[in-house]
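Alright, structures below, take your time with them.
After this come two complexes, each holding chain A, first together with chain B and then together with chain C.
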Partner chain A sequence: MQILKLLLKNSFRHKLRTSLTVFGIMIAILAFGLLRTVVSAWYAGVEASSATRLITRNSISIIFFLPLSYKEKIRQIPGVKNISYSCWFGGIYISEKNFIPNFAVDAKTVFELWPEFVLTDKQKNDFLHDRKACVAGRKIAEKYGWKIGDTITLRGTIFPGNWDFTLRGIYKGAYKSSDETQFFFHWDYLNESMKKTSPNRADQVGWYVVGVKNPDLAADVAAAIDKTFKNSLAETITETEKAFQQGFVSMTEAIVIAVRIVSFVVIIIIMAVMANTMAMTARERIGEYAIMKTLGFGGWHIAGLIFGESLIIAFTGCAFGIAATYPAANAFGDAMSTYFPIFNVQSETIYMDIAASLVVGLVAAVFPAWRAVKLSIADGLRRIG
Partner chain B sequence: METKTAIVQIKNLFKSYKRGSQIIPVLQDITLDIADNEFMALMGPSGSGKSTLLNLIAGIDKADSGSISVGGVAITTLSETELAKWRSSHVGFIFQFYNLIPVLTAFENVELPLLLTGLSRKERKEHVRMALQIVNLTDRMDHYPSQLSGGQQQRVAIARAFVSDPAILVADEPTGDLDRISAKEILDLMERLVHELGKTIIMVTHDPRAAEKAHIIRHLDKGVLNANTQAAS
Partner chain C sequence: MKIPFSYSFRNLWTRRLTTILTASGMALVVFVFASVLMLAEGLRKTLVETGSYDNVVVIRKASNSEVMSGVDRLQASVIESQPEIAIGENGKRLLAKEIVILVSLSRRGSDKPSLIQLRGVEESSLPLRPQVKLIKGRMPRHGSSEILAASGIARRFKGGGLGETLRFAMRDWTVVGIFDAGNTGYNSEIWGDADQFMQAFRRPVYSSMLFKLSSSSEFQGFKERIESDPRLTLEAKRETRYYTDQSEMMATFLSILGLSLTIIFSLGAVVGAMITMYAAVANRTDEIGTLRALGFQRRNILAAFLIESLLLSLIGGCAGLLFASFMQFLTISTMNWQTFSELAFSFSLTFGIVYKSLLFSLIMGFIGGVLPAFRAARMNIVDSLRAA
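And now, the complex of A and B:
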């Protein structure tokens, strides 16, 4: 107990130095936590993917469409439970800076395939029965102050013109990981317009979303779909939703790797700062360590004191850093919700914060502890006077 | 006449230090017996090897050759770990600059050596109170070293030295940093420890007045122990 008291008193003996080191660790843990959360956010779409959903797209590229006629053929394939389709609309709300992921969807089936997007029955019904209706996620509705019944105009880029929609529903995510920033409207509305203005672009969809009866059947169903359209004008690639999302993430993998590296560099820098603090501390206390050794304390007792002190400082900084991570992540997530629709601090991030602090505390104490263990009492006493 | 048994027996002790490639002899062929319950002063000019001899007797330094036996234990044959354990129960240290731990109170400083024993918290408390009572500092037990005078700090250091009841106390210039009155108090206290608690004290000092308190004075010069034993008045 007395040793613990000595440990605590030693840790906060040099108040300014300890405070600055704790502050440094807090900032490092905060930065590490935020960067790790950015990485998690990058993979949020992958993590939120369902094992029972397959995506079928044009084998050349996602930017090439597939005929609407594939829908019934896919439905006939054994193992397929339900099917829906979507198309990236790429509309702009007021100006380019207001990025909204907007899709033309099959209104009848979209919420069957995405049960995690929760709408009230009334709103679902209103959406179904109005061809100009749209549904927005809770976050973007809040961001732009949209209310049910509002008219929302998107300026088309892939599909030129101004497109007016009436907001009939605001969906909420069933899970913390559900994306609440998407915007859906009727594919039929888009298709009708295409039939009039660009008939060659009519009856085309961006991709199919295929629900399978059993996740174990996913590979067989995917192979069967692609086999069905082999040697056709629009061959397909079918993959799990996870693989599909992963494909998008892999396009920006270099950025993710860079963020990861920076997050570890932050920890290495604070490790050096902490090691310097512990080295200074141990050098100042050489005489005291020698005195303790004369009293019968062994080298490992002294090493224990140094490791303990280092860990107390590291974990104090870590606790403050973790406490600061949540409000900082909320603020960051709100500010960057356009780019990171899901920005939640994962429990894994907190475990990594703690692990990083443990490593910082231990590594910083290794050299001073080794010196203290090796310290000859006579040499130590000579330093006192 | 009563013959006292030797608690410290030193035979043919050599010690040298290396400075670069140069070997500097510090102690040369020291043979010395120190009787139980004796108060011995070790005098000599600076660099004569007094503190080195004290460190060797206390088991905090290693000799080049020769043997040292303390209370029947050949400490020159003990490992570092064994020596640390031996020191905790057999030797108490008193330093010139007190060397108390500044973040601990007087009570906690005195308690420190007892943490290595199997004593319960209650037993430790009793021992510490008794030790502080002997050095007449019970009213200052909650004070930190910075709140105590030099003489009071040295009394705390003395209490820390004997609280675990070691047979031998080694003191390196215990009055070197004190004024005359405080120095006298410390020397009187050390005398009491010999007479009332039966301790053996080996004290290194430059001060002839401090040495006068000892039963016996030995002189070291250039690492050689003077053959003459001077009985203090």
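And now, the complex of A and C:
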């Protein structure tokens, strides 16, 4: 108890220096937490994907379509429970700045395969019965102030023209990790228009989403689907939704790696600041340490005092930093919602914060503690004279 | 009288450990600051060099990139007959009707796929892009399954090297030549015969048309005419503008990330400098008293401590820049969200960045040092001498 009191007293002897250091650590932990959250947000799509869904797409690349006729062929493959399809519409709402992920989907089956998109029965019904209907996620509906019944116009990039939709439903995510920023509408609406304007692009879908009866069957079903269409004009690649998402993420991996490196750099920066504080503190107290040694305290006792003090400062900063992470992540997440639809601070991030400050506290104290252990009494006493 | 410069310098030297720790904290901040600027500059350079100001890209209206665009043969022939198109050395028009397709290829040594742009080209595609040079092999023969690979592709992707074959669209394509396009976007592309690609991929439309203006000033007139022509659903952009638009999202992302990192990191480093300088002042209370008693003015003391802090930050800034300059050897390749295709760019150090980074480190040193220096300057002679 006495020791703890001494540690606290020592820590806050230099109020200005300690509060500056604590502030520095707080900033560093905040930055570290935000950067780790950016990394986890990058993988949020992968985390949220289901193991029982397979994605079948054209093997050349995602910009090539698959014929609608594949649907029934895939359905016949053993192990397939249900099937849906969609395609990337790439429409722009007013200006390029308002990025909304928008898809044309098969209205009848979309909610079977995506149980995490929760809609009331009435809204689901309204959506099904209106071919120009669309459904938007809660977050984007709030962002653009859309209400049920509003007309929303998207400018097509892949499918030319202005497309009007009536908002018939606003879905909520079933889990915290569900994406609430998507926008989807009837594929039939798109298809009927394409039949009129460019018939050679009609009856084509972007990809199939296949639900399997049992996650263990996923690999076999995927192989069976690809085998069916081998050597056809549109060969397929089937993989789990997780692998599909992972493929997209790995294309931007360089950025994730950079963010990861930078998140460690900030910890090293603060380590230097903290080590400096402890080095100065220890240097000023050399006389005291000599006196303590004279009184019979061992070198390791003094080292313990230095380590304790360093850890107290580091953890105080860490606590403030963690407290500030949540509001900062909310603000950052709102500002960057175009890039990161899901931006939640994960509990692992907090553990890493604590581990980082533990390391900072320990490393900062190593050198001064070693000096204090080696200190000879005569030298120490001479210094104050 | 001024306090000699060596006083400030020697103070830093005496307390080496503290100086090194503080300076290295600052060095890291400057390193991050400079790296982010270099990355943004590298991206900008890649885009600027990719496009030429006098070249015009024609794509379908509202399709933001060549990949999404489609220009049918009828519309293409209307554009082909426009009078603004420059005539090349061989008397033919400098215009290329191209098709752009994404294919997924695996990197060497891994199975991770990347989306690579395939460009179906015509005879005049090469003269239109002076930055693209054939360095090995020969040009593909018209009407054959032969392709050219960029040096970036040849190095990093399976089957991309000279003499190797790539399989897509149910055919094997032989790489008969390697071209080098420097730092431009073309250096992550594969080129082949446009007509062959159309056949193989069953895509009977061009993606874009590229031509050189015979006179730079004719762009506005051309743009207005074709965009109001009822037969056409096309839009024209200068090539430089087209490539800037392509990476707007990436550029914005880099600048937001860079700005927020720099602000947060510099707060940490300023705190570090402040701690060091406050300690320097506190340790030297008696010295300051002595200096004042010797007749040095308050403003001399202020200057001496400020110089010490600026010197400290300059050491950090130079060290940070030194490390950042090594980043020039790195190339970042990532997916461009707007086109879904691979975009490679490297860190690029310019004089402007050196200047900005050093200025930034001096500003950090100034902010960190100004309060402690004021404290030193405001000390009372008698009190500070007594404190010793």
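We adopt the following convention: the second predicted complex is superposed on the first by the 385 of 385 C-alpha atoms of A that agree within 3 Å, B and C clash if a C-alpha of one lies under 4 Å from a C-alpha of the other, contacts with A are read in each partner's own complex, and residues count from 1 in each chain.
Please note the rule applied: a residue touches a chain if its C-beta (ideal position, glycine included) is under 8 Å from a C-beta of that chain, and two chains touch if they have at least 3 such contacts.
If you're wondering where the values come from, they're calculated on a predicted model, not measured in any experiment.
J.: Could you look at A:262 and tell me whether it touches chain B, chain C, both or neither (first, second, both, neither)?
T.: After superposing on A, A:262 lies in contact with chain C but is clear of chain B.
J.: Spot which of chain B and chain C makes contact with more residues of chain A, would you?
T.: C
J.: Tell me the contact category for A:30 with respect to chain B and chain C: first, second, both or neither.
T.: Second partner only, chain C.
J.: Under the stated touch criterion, which partner chain does A:115 make contact with: chain B (first), chain C (second), both, or neither?
T.: In the superposed model, A:115 contacts neither chain B nor chain C.
J.: Output check: A:277 vs chain B and chain C. Expected answer is one of first, second, both, neither. What do you get?
T.: Touch status of A:277: second partner only.
J.: Per the contact definition in the header, classify A:296: touching chain B only (first), chain C only (second), both, or neither.
T.: Touch status of A:296: first partner only.
J.: Determine, under the contact definition given at the top, whether A:215 touches first (chain B), second (chain C), both, or neither.
T.: After superposing on A, A:215 lies clear of both chain B and chain C.
J.: Can you pull the chain A residues that chain B and chain C both touch?
T.: None.
J.: Touching chain A in the complex: which residues of chain B?
T.: Within the complex, chain B contacts chain A at residues 52, 55, 58, 60-61, 80-81, 84-85, 87-89, 93, 95-97, 99, 101-104, 108, 111-113, 115-116, 121, 160.
J.: What part of chain A is in contact with chain C in the complex they form?
T.: Checking each residue of chain A against chain C gives 16-17, 20-21, 23-24, 27-28, 30-31, 34, 60-64, 90, 92, 96, 99, 155-158, 160, 200, 231, 233, 235, 247-248, 250-255, 258-259, 262, 265-266, 268-270, 272-273, 275-277, 279-280, 284, 332, 335-336, 339, 367.
J.: Contact residues on chain A for chain B in the complex?
T.: Within the complex, chain A contacts chain B at residues 1-3, 5-6, 9-10, 13, 287-288, 291-299, 376-378, 381, 384-385.
J.: Given the complex with chain A, which residues does chain C contribute to the contact?
T.: 17-18, 21-22, 24-25, 28-29, 31-32, 60-64, 67-68, 101-104, 112-115, 168-170, 201-202, 204, 233, 248-249, 253, 256-257, 260-261, 264-265, 267-269, 271-272, 274-276, 278-279, 283, 332-335, 337, 340, 342
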